[in-house]
Each structure stands twice: as structure tokens, then as C-alpha cells.
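Encoded as C-alpha cells, here's the structure I'll be asking about.
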Amino acid sequence: MFRGVLESAKEFKKVVDTVATLLDEICFEVDEEGVKAAAMDPSHVALVSLEIPRLAFEEYEADSHEIGIDLEAFKKVMNRAKSKDKLILELDEDKNKLNVIFENTGKRKFSLALLDISSSSVKVPDIEYPNVIMIKGDAFKEALKDADLFSDYVILKVDEEKFVVHAKSDLNESEAVFEKDSSAIISLDVKEAAKSAFNLDYLMDMVKGISKGDIVKIYLGNDMPVKIEYSLAGVNLTFLLAPRIEG
Amino acid sequence: MFRGVLESAKEFKKVVDTVATLLDEICFEVDEEGVKAAAMDPSHVALVSLEIPRLAFEEYEADSHEIGIDLEAFKKVMNRAKSKDKLILELDEDKNKLNVIFENTGKRKFSLALLDISSSSVKVPDIEYPNVIMIKGDAFKEALKDADLFSDYVILKVDEEKFVVHAKSDLNESEAVFEKDSSAIISLDVKEAAKSAFNLDYLMDMVKGISKGDIVKIYLGNDMPVKIEYSLAGVNLTFLLAPRIEG
Amino acid sequence: MFRGVLESAKEFKKVVDTVATLLDEICFEVDEEGVKAAAMDPSHVALVSLEIPRLAFEEYEADSHEIGIDLEAFKKVMNRAKSKDKLILELDEDKNKLNVIFENTGKRKFSLALLDISSSSVKVPDIEYPNVIMIKGDAFKEALKDADLFSDYVILKVDEEKFVVHAKSDLNESEAVFEKDSSAIISLDVKEAAKSAFNLDYLMDMVKGISKGDIVKIYLGNDMPVKIEYSLAGVNLTFLLAPRIEG
């Protein structure tokens, strides 16, 4: 069996929105400890991983299951969530469906067909990074939107003094500079100045669910994939994106 | 002559918006008692009826007239209404126009050409229904939007305990259950459990003008058209929709 | 050199938005006195002129320069302004760029390539007008939007009693009447009743940046171009539009 209750359907909607921009389908691995999933995007450029620890649920009960879900349908359903709705996720093994229930003064139930996919063996690799930037999520998100004006890739740069988000076209440039003591920076852990270019569309998809108040951890090195971590509604999200080789 | 003043142009806009989704043109029958109109939609599946009793107007003066109006043009004009505008409707018999006037600190006047259509003989049939559901309009509207995710028709079900809005595709399902004692239900008058399927697009058009606080009456039987009644800004709206025969 | 600081990037955005709907590129003439620009739109129907006096800037320093800018790119950048951002405009003569900097808790810098265009010799002609209407900008803007429902041109009429914005199609009409003592009218200076027709798209572009609280001056005569003047964020904007010859 599997049944989990989350306090805010609206918050969880952000998680599904974000994941659904990068993946078409997902296989949730549920067990006593909680819910996990990890997958590469269809073009194998980005890795998406999420973890919902048992404690993030108001109520939780689960045996071991793999639950394959079409993310387009899941996203459509989650978009119907209202502000004060609780979210109940529950596996209907007889009908082979995942029930998605919004509970408020009334009860609205959606049943999603299970997909016959099994969990990938993808894991977030255990790499040690020389630099970690903790930054206000919305400031980082806005800097990426700035970059998006004139380019389809972005350069992330960090040294002991500052974190820089830079982009340029043939004619125009954008640059957001976050000094070490700027109010947007929570901490700047730098062992070795680094600079790498990344595909902007992927990065923007990865931060899609972020809103004011969320904090993002950016792990950055030279010639290394960037790792991005944040939590939404008790869900831990991790993204990895390979650097772009500049021509 | 005909001249009527309504307190809120913005509220009346919702009436015109709703009616204009179902009908292309309308013939208002005005007389001393008030304003009436009734018509079938172009594909003859849905019946629309509205009544504005004399008392719904702040000021009212009328002889007998039939006033044919293009609803697309009327809707465009009503969409220009601002929050505090009064609405004056007045027949200009010399120019053969309906003047639509928004009065606030200034005065904005639109003149709509009259159409040469006469009132239909359509009437809401005087059927006795076994079941009447009184429900908060926005709750019903949201349940229809839920149903719209996966299907183009919806099943309405009622028994002594609950009212249910259900829809399904090959893969997925949605269901909103309103228990008798749910806060969305005002009353549930059930003589005979009933269940019928209806075209979802039409139903959604019919409830278009509903907002928070509006109450809807749903008359439901087996193999009967559903009747939907509610009031907007003093205007009584009635809709009838034939059931869908399931294959 | 040139460097100017404006208090509100968000306010200046409205100026750029408005000018960019009419012009593709602009040549700012800067000197000790402030910033100026004037140009005809590409179809040579409308004249756009703007002046930013030195005093409109919080800080200002400039030699004589002509700064050619692509307005599409400038508009994209200005759309990234946030509510509390200051705006710094600064010429980078070495790189041949205009830096557009948003300063708040952080600092976001955009660099726009300079275009090789020189200032036009266009000037707002020094015509004496028989009539001047001072009107609340949003009331005028709404009247133009009303007119836009049924026509692609609008008739502006003024006499000693009122200012009228009128439009009609074959079937329908719209008319906004502003009486001399209406709260939307600040003043009505009329020497000779006048009436002229103008292209509605151009007029609507010209008032695009206007919001609640802005006051517009309309200079109107018979067979004369209409002149429209207002200020946004300390920037004086003037527009001239040739009358339409009615067939």
C-alpha cells in the first residue's frame, strides 16, 4: 500500500510544475522512508532528483512500490489545486491508479493511470565541489531571466569576492553581480575561482518552482556540471547540468 | 419608448458574457413588467432564458418593444464597463439603435444597430423534476473545470446522500463528491436517485458568469434535460441542456 | 562622458515602452542641459519628441554626445526593471556601449551596442493652436479604447462646452463626452470650435505610457495635426499626428 498526506497541494504543485518542464514521465520509488525519484531528461543533458522524506508528510504509510506517472497529466491535475487544499496521494492497486485527492470543505478526486516504467538507476553522483554559493532563489532566478534577454546560454562565475551571472549576444550584454556582502548572498564558500557556461533554458526550467523566500545552493567548479539544490514544501530537489563547451 | 437604468454595468457585463457564449444574437422583449428573452443556441442543444424584472432597475420606463441585438457587439461594449459605472439602456426609435451608456464622473455612449429578428416562441418547458440541488456556484464551476481536464462530457449523479460530478478518459478520471452536509451544498432535495451525462462545453458556458457567493439550482432527473438556474445582478437566468446518450 | 541617475527605473520604463511602439531606433542628444530626442515614425505620419531636463536626474554629468539606441533592445532591458530599482544610464566610450544599470540591494548591468545613427533635424513645429484641452490622461485613454471597438479612426471635437471623442462603424457608434465641468477636464481653452479625424492606432500608441494621475494636454484645430503633451517621471513627451482626410 501507499498513502501520503501533504499539507498544501498548492505548494506541491510547484514541485510537479518544475519537474514536468524537464521530464515527460517519472517513476516514484516509495517505501517506509519516503518517496524518491531520479531521472535524466529526454535529451540526457540534465539530471533531476527529488526526495520527499516521510516526515514531510502529515500522514504516511507505505510498502515498497514503483509508481510510474505521466507528468503532463499529473501537472494538469495539480494545476487544479486551490490555496487551502490538502493533498492526498494514494495508490489504488486494484485499479492500477494513483489517486490524487484535494481535500478542503469538499473532496475532489483524480485518478491517474500508472505507467509501466521502472525506476532508473540514475543517481546524483557524489562529486566534491570546490565552491558552494547559497543565494536567495528569486534573485538568482531574476538574474537568469536577465541573461535570457540576449542569449541562450549563461556564464556563472565565482571568486572570493562575488558571484556573477553573465550573458552576451553579438551586440548586447547582461550581468548581475552579487557581492559577498550583498543581501541576496547567504554564503559564499570559495576554494578556487571558477567559471562555466550553461544552457539557459535548462537552468531556467530548474529554478521554475522557486518563489520569494526560497534559498538555493549552487555547486560550481571549472569543467564540472553545475549542481543546484533547493527545497519546496519539504521536497528536496537536486538538479545537475553539464557545462557547455564554448566554441 | 424603452429606458432602463441598472446600478452596476460591471455586474450586467457577466450576464452578457454568459449569454454571448451560447447565442449569437438575442431579441429582448420589453414591456411594462420588465425585460425577457429566450432562445435556443444555434445547434439547438441548449436553451437560454433570461428575465429582468422591472424592480431590478433603478429607473424603468417601457412600452412594448422587441429589440434585436448582435451579442458579439453587445459583449464588446459591455467589456468596456468600469467598476463604478451605472448602465443606461435606451431605445432610440428614430435612429433604430439601442444606446448603451456608462455613467460615472463622465458619460460614455455606445449605439448598437438593431437587428431585424423577432422573438422566438421558445419557452422554458414546465417540467416537474424529481431532484433539486442547491449548491454554491463556484464549487460547481470548479468541479466542471476539474472534469474538463480529461473529458468532453461530464456525468452528474445525485442520491439522498450526495451530489457527484464525474468525468473520465481512457486513462484518467476526475470526481468531485459533495456530501449532503458539505458546506458547498445549500440543500439536496432528492425523490429518486438520478444520473445523466452532459456535454461539458455547454455546461461550462452556462455557468460562466458565476462568481463567489452566487447560488445555483440544478434540476436533475434520469433521461431528462438538466435545468440550471441562478441570478446575476437581479437578472434571472435559466438554462436547459439535453442529456447525452452514452454509446 | 555621460552618466545620469533616475530615481525610478520602473517609471522610465513607461517612457521607453511608449516611444518604442512608434519608433524602431532613437538618437539621444545629451549635453550639459539634459537629454533630448526627436524623430518621425518609419511611415512619417507621427512625430515623437522627448526631453529629460538635467533636473529630472538625481545625478547628472555630460559632455555633448549623440547616442543611437535600438529601441527594441532598450525596451526588453527596461522591462526587467523592478519596483524599487534606481536606473543608471552611462556611456562607455571605450566599448561603444550604453550601460543600463538597475541598482537596488544588488546591481544588474545591461550593455547596449550603440547604433551609428545621427540625430535627425526634426523639431516640433512652433504652431499656434486655437484650442487646448487639459484632461485626465486615463479618461482620454479609455475614450480612445472605447473608440477602438468599432473603428480604426477617431474624431476629436471640441467647442466651448465640451470635448468629444467619437467613432463609428457602419452599424455601431461610440462617443465619450467630457463636459467643461466634468471632473476629467482640468481646463478647456477654446477660441474656435474644431473637429478632426485621426488614425486610432497611432493615438493609442502615443498615450500608451499614461496611467492614473497623469494629465494630458491636447492641442486641437481644424485641418491641423493634433499635438499631445504629457510628462512621465520628469520626462516631457510631445507627439504630433497629421489629421486623416475623410473620404
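Order of writing sets the chain letters: A, B and C. Residues in each chain are counted from 1.
What we mean here is this: a residue touches a chain if its C-beta (ideal position, glycine included) is under 8 Å from a C-beta of that chain, and two chains touch if they have at least 3 such contacts.
Remember, predicted model here, so these are calculated numbers, not experimental data.
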Margin query: Can you check whether chain B and chain C touch via the same residue numbers (shared by over half) or via different ones?
Written below: different
Notebook entry, point to check: Between copies chain A and chain C, what's the superposition rotation on C-alpha atoms, in steps of 5 degrees?
Noted result: 120
Next item on the list: With chain centres taken as the means of their Cα atoms, state the distance from chain B to chain C in Å.
Entry: 43
Next item on the list: Would you pick out the residues of chain B that each touch at least 2 other chains?
Entry: none
Margin query: Which stretch or stretches of chain C touch chain A in the complex?
Written below: 70, 73, 76-77, 80, 82, 97, 105-113
Checklist line | Parts of chain B lying in touch with chain A, wherever the complex brings them together | finding: 139, 142-143, 145-146, 149-150, 171-179, 182-184
